[in-house]
């Protein structure tokens, strides 16, 4: 039997980001434009930062950069590293490895510590390098590797690094807001997030928490980055006088504030519990259908995205297309090293609902049967 | 008599950007999120680029960068200039001079040609430098100096530069879409625009047209900028395969497309005529009230923003506040070198309506009388 | 195990109306107000009527009344019946019986033909009355009885009635737009629909198709209803000169037009097929869980709403609340005669998606297990 | 000189209703649909009623009927009057006179007291009739006659009527929310308002305050109106159990709540002062242009709408069209008896801004000069 009932219209967005926005967020986007220095907006921005700090569970400075998540990642490396300095890059997957490029771009030396991409980062390996190589300035790690759905033990990694006086930079883009992240306790000096994943605002903003240690490194860079879209100091200096280095993205800030409001109303621990329930439901369902999860051990899994292996002889694109065509459910394919090997179901932020997962599993099972 | 009828609520946004968005644009912002690689969005993005090209009146490549206007300006300089190269910077005002900072940041040598900030750029001066200094790689100029409301003859300047084989970079952020700009005819190699001015979309996007000459310089930079938020090549390469270097700002693209649709429906020549009528009405009205325009000669004036001198003994902030408090009309103060000297009325894009100007002049006149 | 993951937030609206609106419809609602006689709105209204006619599959006049569905039902009776006239009321459920009240209000005589509420209307019974009682002026029937989920054979009933010269009034509020309805072929003189069911616009408008026979009855009523909110003649007369009897509901008309656009884009036969697939999926799923459908025979079932019997010893309110609390899925309880006996799942218009039903069945099964 | 700069696009809606909605109201409209019995909506509705009561400045019951303003007017008459009863109809203009039709429809006897339409209702005349004719059951009056811009002394009229035990019905559709209205102090038994005028929500709802005296008359009508779209008792009875007689207009209720929130934030006395300032500015401006106001004496003028005589030899439609075509400002023509004689500028609710009036007067003056 052929359904074709959805006729290719995406009704349920189950890609691992961007995710659907709540109605409150969509409505906030449509608010009329405002002049950013008119007092009302400045205090609204302050309120947004304060909400952000609560979602970040941090006492450090939090900052909103006006660009996609990659801007935050690049800026973290660019503002901290001096040419010639060594950076321990936790290569736990495509995004972990990506940091090496930024390090090289800014003329640092990337020292990669690698694990197979179906495993979580190995804390012992990291510890070994930290213990033996004493010229490491900074460490980069990815909390949730979106392409593989693996959650790395950044708490242990960063605590270890801080013992060695290393600046830690963590990509928490697809974890913060879905699972517990604690920059201060864990020793994350720069923790980077983006609007379009667990926060469930549209793409357009990247957020960072910055520790005093990180600020010191940034200020004492040989040539501090200033007057640039990548400069963290520009933002800080401007904001001290409640100014912006350029026109902020008013609509995106409206949306971010609304999305954070949604989160604080629900409560962080409730959100984390919801993600746990939904993720377990997803993994259990996939196994019931007879699919194998990508992570070697289930405990590596992130509660924000699940990657599973594509059954032999089946084509990634065919499955994705058929799920949209017939059921209106869009899931994600692999990315870089996992391209062609896995499919991914996002369950982060607004899309992390048991009802969505149930529907997705149903559609997936039917499509696999037909193929 | 004291009005206080507006009670500080901004009802009419007459700052020289960001400007109000049309209802169509506001509604477009509230469209639900979409996955950017799902075919529907890719063709929507293509359509947006095609509309953009028509508004740009160019056959060159047009590109949307996902950041504020300053990202486009910085990227233009960063991608073109090699360390040690000389750049002729047309210093016609605060924004013209600003290019020198980017040139220095990227280790070029800024060769400024300056005029008093109440005059338009002097083409003869520029020509003289171009004729005598043969090591000039690029030239930067601002079309409309937003802080002064002066329109520079970038057509003559760029044509002259091109005769000397110089790459021309023009900031048309507050002119393109309000007055005639013709990159190809005028010899503008990189023409930069932003979403929140005459285009009347929210802040968040910067647009560039890039000539073949510019691409050649970019490709042949000693170290081409790659894998960076500032890279123009990343965008081009990704888009050739209809991909994006990172998640594009879906909501802002929805809004931009709607804003461009508004513009193409009205017709560019109609838009330019509207701006001309409105600007003349504004200048005539200010003179009638007894105020003096900032530009030394009225023919220097841009049809997108009008700056006028603050009457003696009156305070900038007082006038602005009182106009909001009592009439709900928000105009702009000075900026950098013109701070404390001028007030500015924006009349660009959606706000360029004779009714708005009439109301603004009325409010201004009353407030000046009271003070 | 207790989920509590939805915490009482309705995420999936599965009540049998009002139903969720598509994003296009929600955005249309937010369009700025317009003056209704400014030509743009009049032609937009014409366009809305033309789309409505296509969705109605009729060549008769179609009309939009500015009120909830009950206004259309009351108006149909009020405008047609004269005091003392007999009306055959097909009492197939709470809504079918409801017509008797309108008939009495307007001093007609209601002649009810009743069936048990778990059966569809009996055509033979109706025929018998029509054959034997020759003073019947009009007949009323409900196509889909929303409280029971039963679809009545209004095609056969109305064809029969028309043979006897009887004016037929059909409540198609929860069927038209989800299942096939053909006023002209079937002999429906007044076919009433409402915005908030299969059309998937917000509540606020009721629509009618009116045959020439109906118009004749309306015009020749002893005291034609005029200058009243209930008058059909007021609307017709005003609209002939492209006027309205009062200010039309602009926002609701914007939304209705968008909803009809959604429908015509999908295509009526595709929509009907989608409803068929989804409804079968729902009924099959309920039976798999071990629940019994309310209709005595499955062929009585409407493809727009399914009612099933509440398992013994379980409480209606408890089930509904628990489904919301834990899964965010809101289904409907019984209504009038079916109150406390059935629960109802809406699958009409925008909510008729297989993914929604799958999620709803999942939530229902879990909740029943727990209770 | 010909402007044609607006090209027929309405930019400023200055008709005397419907008026523009604030951004908050427009955004509220786009909220997703909700099931009306789910507790969240019931308490939201309660909150809306409570806000409404504060805007009404009454301790009486307030009620929202789901229809245009005329539904409220018709319902007031229909529910109160018995066939054969006499109603004093204050015929102060087209809307005042309109009540006679409702009275006749419901078989009452309309006793009109008339004044020329450029004068306010004469309290002495009303008093005379009340003193001499003792069989008067009810009195109807219009507070602001929208077609003429005249405000009638309904405070004095109703106080007088109450002394005679007469039920008073007042159409405050285009006054309440713009000028002071006090149902309890003034003796208004049923005070009717509509969403799309001074409240500045979209058309779709009509609101009523109902005194105990009015309820008594309604309950003791010989045949109380029940089970009808016109029934006030249906609403009251349903709401006592926090139910609705039919599906309420969720989107319109969202909008109404937001509009009332806007009003309460500004404060009623501030709103009234704003209307006074704006109306005086409008009248002064019209006289300066050389136009004559319609009301015989300026003190008759309502602060919500101003009607002025069309200069001789000029055509109403020409002026209206030209103002839209060239300036984007839409004003209203005459209505019924004032058709072809007056033009009207609305300044009620959200449109009552001095900036709007200034712009409107500017456009009007230019157009009159050209013609």
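Odds and ends about this structure:
Lettered A, B, C and D in written order, each chain numbered from 1.
The definition used in the following text is that a contact is a pair of C-beta atoms (placed from the backbone, for glycine too) under 8 Å apart; a residue touches a chain by one contact, two chains touch by 3 or more.
Just so you know, these numbers come straight off a predicted model, no measurement behind them.
Chains making contact with chain C as well as with chain D: A, B.
Farthest chain from chain D, judged by C-alpha centroids: A. Each chain gets a centre from the mean of its Cα atoms; for chain A and chain C, those two points are 46 Å apart.
Rounded to whole angstrom, the centroid-to-centroid distance between chain A and chain B, based on C-alpha atoms, equals 33 Å.
For this pair, chain A with chain D, the centres built from the Cα atoms lie 54 Å apart. Each of residues 23, 26-27, 30-32 in chain C touches at least two other chains.
Those residues of chain A that touch chain C in the complex are listed here as 3, 5-7, 11-12, 23, 26, 30, 266, 270, 273-274, 277-278, 327-329, 353-356, 358-360, 362-363. Residue ranges on chain D touching chain A, taken from their complex, read 23, 26-28, 30-32. Those residues of chain C whose C-beta lies close enough to touch chain D in the complex are 10, 13, 15, 17-21, 26-27, 29-36, 38, 40, 66-71, 74-75, 101-102, 105, 196, 202-204, 226-230, 245-252, 255, 324, 330, 332.
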